[in-house]
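Mind having a look at this structure? Questions to follow.
Chain IDs A, B and C follow the sequence of writing; residue 1 opens each chain.
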Amino acid sequence: MKKIGFLLLFYLTSRAAAFAVILNVGLQLEPPNLDPTSGAAAAIDEVVYGNIFEGLVRIDKDGDVQPGLALFWEVSTDGRSYIFHLAEGVKFHDGSDFDAEDVKFSFNRARAKNSTNAKKYIFAPIVLIDILDPLTIMITLDHARPDFLFNIGLGDAVIVAPESAAGNAFNPVGTGPFRFKKWVRGDRVELIKNDDYWGLEPRLGGATFKFIPDPLSAYTAMMAGDIDTFPNYPAPENLFLFDRDPRFDVVVGLTAGETILATNNKRSPFDNILVRKAMAHAINRKEIINGAMFGNAAPIGTHFAPNHPDYVDLTGLYPFDLGKARALMKDAGYANGFEATLKLPPPTYARRTGELIAVELGRIGIKLKIENMEWAQWIDQVLRNRNFDLTVVSHVEPMDINIYANPNYYFGYDNADFQKIISDIDQSTDAAETSRLYKEAERKIAEDAVNGYLFQLGKFGVWKKEVKGMWANYPIRSNDLRDVYVEGAD
Amino acid sequence: MRHLSLSFIIGGVLTFIFTFIAILSFFWTPYDVEAINISGKFAVPGLDHIMGTDHFGRDIFSMVMVGTRNAIAVSLVAVGIGMILGVPLGLWAAGSRMNGGSLIDEILMRGNDLVFAFPSLLMAIMITAVFGPGAINAIIAIGIFNIPVFARMSRGGALSLWTRDYIMAARVAGKGMMRISYEHILPNILNILIVQATIQFSIAIIAEASLSYVGLGTQPPNPSLGRMLNEAQTMIFFAPWLAWFPGGVIVAMVLGLNLMGDGLRDMLDPKLKKRKAGDVTA
Amino acid sequence: MIHYILKRLTSLLITLIVATIVIFLIIEVVPGDPAAYMMGLSGSTEAADALRVELGLDKGALERYFSWIGGMLSGDFGISYTYRVPVSQLIGERTLVSVPLTVYALILSTLIAIPVGVISASRRGSVVDTILMGVAQIGVAIPNFWFAILMVLVFSTSLGWFSAVGFPGWEAGFWVSIKALTIPAFSLALPQAAILARVMRSSVLEVMQEDYIRTARAKGLSQRQALIRHGLRNAMIPVLTILGLQFSFLLAGGIIIESIFSLPGLGRLVFQSIAQRDLIVVKSIVTLLVMAVVMITFIVDLLYALVDPRLREGGRG
């Protein structure tokens, strides 16, 4: 066995004693419940990930895999088995001990037949779970999976205890640096510092996550000083007001959300690549980013995060060119254009982008009828029944280019070459090869103009100047507060 | 009396202005309401754009014109539905009661109570959750809640008329219930119905604005006053005109209709006029 | 009288039963599946199916209707699909915000409306009357959500006074909570006050025509004295009726105001529940609201019947 071995946790002696500062964190969406292993709402992770619950590994602010409840691990040479060495003396918030049994329980629960885990596929490759001793566990996969470590760092794979798992939705019990105190539904969730935390002592005395759905209230709450930090402020148009106010720091980062004009590749006339290319030429990313996001977004030319090392800039592949777009429409047999519908989910970015797209495609004769809908309707009509022409949506899952390999996914891209690339990535154990394959995949979907690639959704961080250690980016949806502190409060 | 006609005049003038703007918008607006110009966004009200421009650089005045038209259209049809369905129901209920069919009356009126009992905005939201948002569904949602208003009102008016001598005479002459309702009762309650329609119309305009505000009314790119207010919400701190104009137009329109309704009531309801004439004024 | 009450009670029950059926049917045809919603964009259908079984959504419609009604009768409203806590607990928590907000708004609107109505009526035709009624006309015409936005704008940009958002909870202190509810209550109250002032004015004018006021005046009381000693109580009757209606209207109609001010009230809960297809919450709240309106109407009817025996025969007009 090749030993990769991570040893950490030794630089941490320099930390100061406990502080009583309670950080007020503003979030736009309230989580439906607090169990990250059941349900997909990003709002759950935004409260609990890294704070209440921890996984075997932890995704950090740069999207890298760090040791979590497993201090280090070994991977077999064939890449199929992992031996995780667990931290000692870890206790759940209810006082029960953490050991390999909890890991086995959590993973078995997530892959069980009646599991309600939204990312059950993470656990599908697991063939065997062996407890070698109370602090060592071996997990064997069907074959090498380079993304397995990253995946078990997600909120869906956090470790829960058999005694408390059923109640996690409303009384979450994890191993993290903060424990759940109370939830005033519709208003806030309160966390307090876990004094028995096994790892680095957190520097905050606790955190109150306040849910402020209305952007107007978000603004007044920030200005009134009620909120210390808004990790993802809901209205990009107001950022400049905070920027010129000396009390605040504004940090515009990126999320893992590729915002695309998703196109139904199975439906005429969008099954015609000429039409899709014409649309790609008609899309003016600059106009969209300025108009819909007030300049706070990064253009993308394919379905990949622009801050990822394997990203290829393909925004120049189909430059904004109405002449070319009209010529392509003519070649496709639609010189006079056609009519189609554009179904838009509720977020403001989607509604604004959609309005602009309708105008832009109108310029080459594609008359779009906008249909605004709630998420429930959107999921039903677009995602499940594929009853749509076009839609605007942000795909917030990190590293999700593999959705294009699923011919039954809602945009209906069915391409054997692409599917081969993805299955090669799945099997690859060589980092350089994986990187090359990812780049090939990016190019493939961009050339085929599967969807309109618009921009990477920004993360609009606004916080008081004294607040330090907030994440600038959202590689995953998490507001991990373990390193956050308030300057001057020490 | 002079005071009362003044409110009618003000109301009438306001209503006329907005009706005129609405009709005009079919033929002419200063700018294309759907034309975007990102570099010209948030223009302050001035000579080029008398109400300024919004976040996409669209002309607010043009959008307000078309939004006014949409608000009037939705309200007009919704109140129309309420009248067309509600008045016959009310007449039928009253006619049945006076002709020995009090069960029909009872059922109809309990049905009325039932609709009344449902919280209207909430039900409108549910209706749009079923059928999807849009102007037509907003019309249905608002229209449904207008039916019991007109039914109750026409039933009340009709019940008091059925005891009159000339109705008795018509019954003796062998005229049927429906015919009496249509020939003798309807013309006599038309006045109160018109007054009520004016009031309902103004309520419908606020309802349409509320539905559009929560995103369930007229859909983009077709402008609507309520949605303009919603979109303005996050921008009022640096572009407050985005909220002033659409809101001001809603208020002025509703005010105009209410004043006109009040004025009409005083002019059309002789009983009220007589009583007011006899008022002891300090 | 007993016969009348029994008759009204029967029709009240029938109304409620029909209402629950209507609500249930609407909920049945609402497209969109709570389980799929919970699983989001990347969720597996398998997990959604498992969740559906867990939530009891796989059972037949009739069975769900009767278990819902049966539960409601015994005070068990079921478990929220999304929050996974008892619906009754959710509603209970939210009621502690919505009912005080509504009562607060009604108190404010009454405090504004009654003096305005009385002053206006007693100085009928004067400049004061014209101004007050003109302002009331404008008040009626202002959509409350727009008024709320203007309030925020005025308080924050002009006065530099930013309202705290949200609701600290009653345990944080009575006055803190009242403070949090003040601007929202005011936004709700103003249009209602305008309506109420108009009703109050015409009611006072009507009362002043009554013989007993004329008699009182003939006995040498001033108009104001006559009004305050004899007239006001009678003039309040239509105002109270309107107040009763406004209570239920505001309770359900606070949706937008609660959103603007981020208050965890019933309106926001139901709005959010519709969006998340937490339909078990939606149907319970709508049923409760309908029940409240029906009960208020029933009580008002009884009071009227007590006052005016003729109504017992002819039903309401």
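Convention: contacts are C-beta pairs under 8 Å (C-beta built on N, C-alpha and C of every residue); 3 or more make two chains touch, one makes a residue touch a chain.
Predicted model, so just to flag it, every value in this text is computed and none were measured.
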Chain closest to the middle, measuring from C-alpha centroids that were averaged per chain: C
Higher-contact pair (C-beta pairs counted), A-B versus B-C: B-C
Whole-Å gap between the CA centroids of chain A and chain C: 40
Chain A and chain B, separation of their C-alpha mean positions in angstrom: 46
Rounded Å distance, chain B centre to chain C centre (Cα mean): 21
Interface hub residues of chain C, defined as touching at least two other chains: 31-32, 149, 152, 156, 274
For chain B, residues contacting two or more additional chains: 129, 233, 236-237
Junction residues of chain A - those touching two or more other chains: 214, 216, 346, 374, 377
Footprint of chain B on chain A - complex, ascending: 214-216, 219, 234-235, 237-238, 241, 287, 290-291, 346, 351-352, 355-356, 358-359, 362, 370-374, 377
Chain B contact footprint on chain C (complex, rising order): 11, 14-15, 18-19, 22, 26, 29-32, 122-126, 130, 137-138, 140-143, 145-146, 149-150, 152-153, 156-157, 205, 208-209, 223, 248-249, 251-253, 255-256, 267, 270-271, 274, 282, 286, 289-290, 293-294, 297, 314-317
Chain B - residues contacting chain C, complex: 3, 7, 105-106, 109-110, 113-114, 116-123, 125-127, 129-130, 155-156, 159-160, 202, 206, 209-210, 213-214, 226, 229, 232-233, 236-237, 240, 243, 247, 250-255, 258-259, 275, 278-282
Parts of chain B lying in touch with chain A, wherever the complex brings them together: 34-36, 38, 41, 55-56, 129, 132-134, 215, 219-221, 233-238
In the complex with chain C, residue positions of chain A that touch it: 30, 32-33, 38-42, 113-121, 169-170, 184-188, 210-214, 216-217, 220-221, 223-226, 346, 374-377, 379-381, 383-384, 393, 395-397, 400, 403
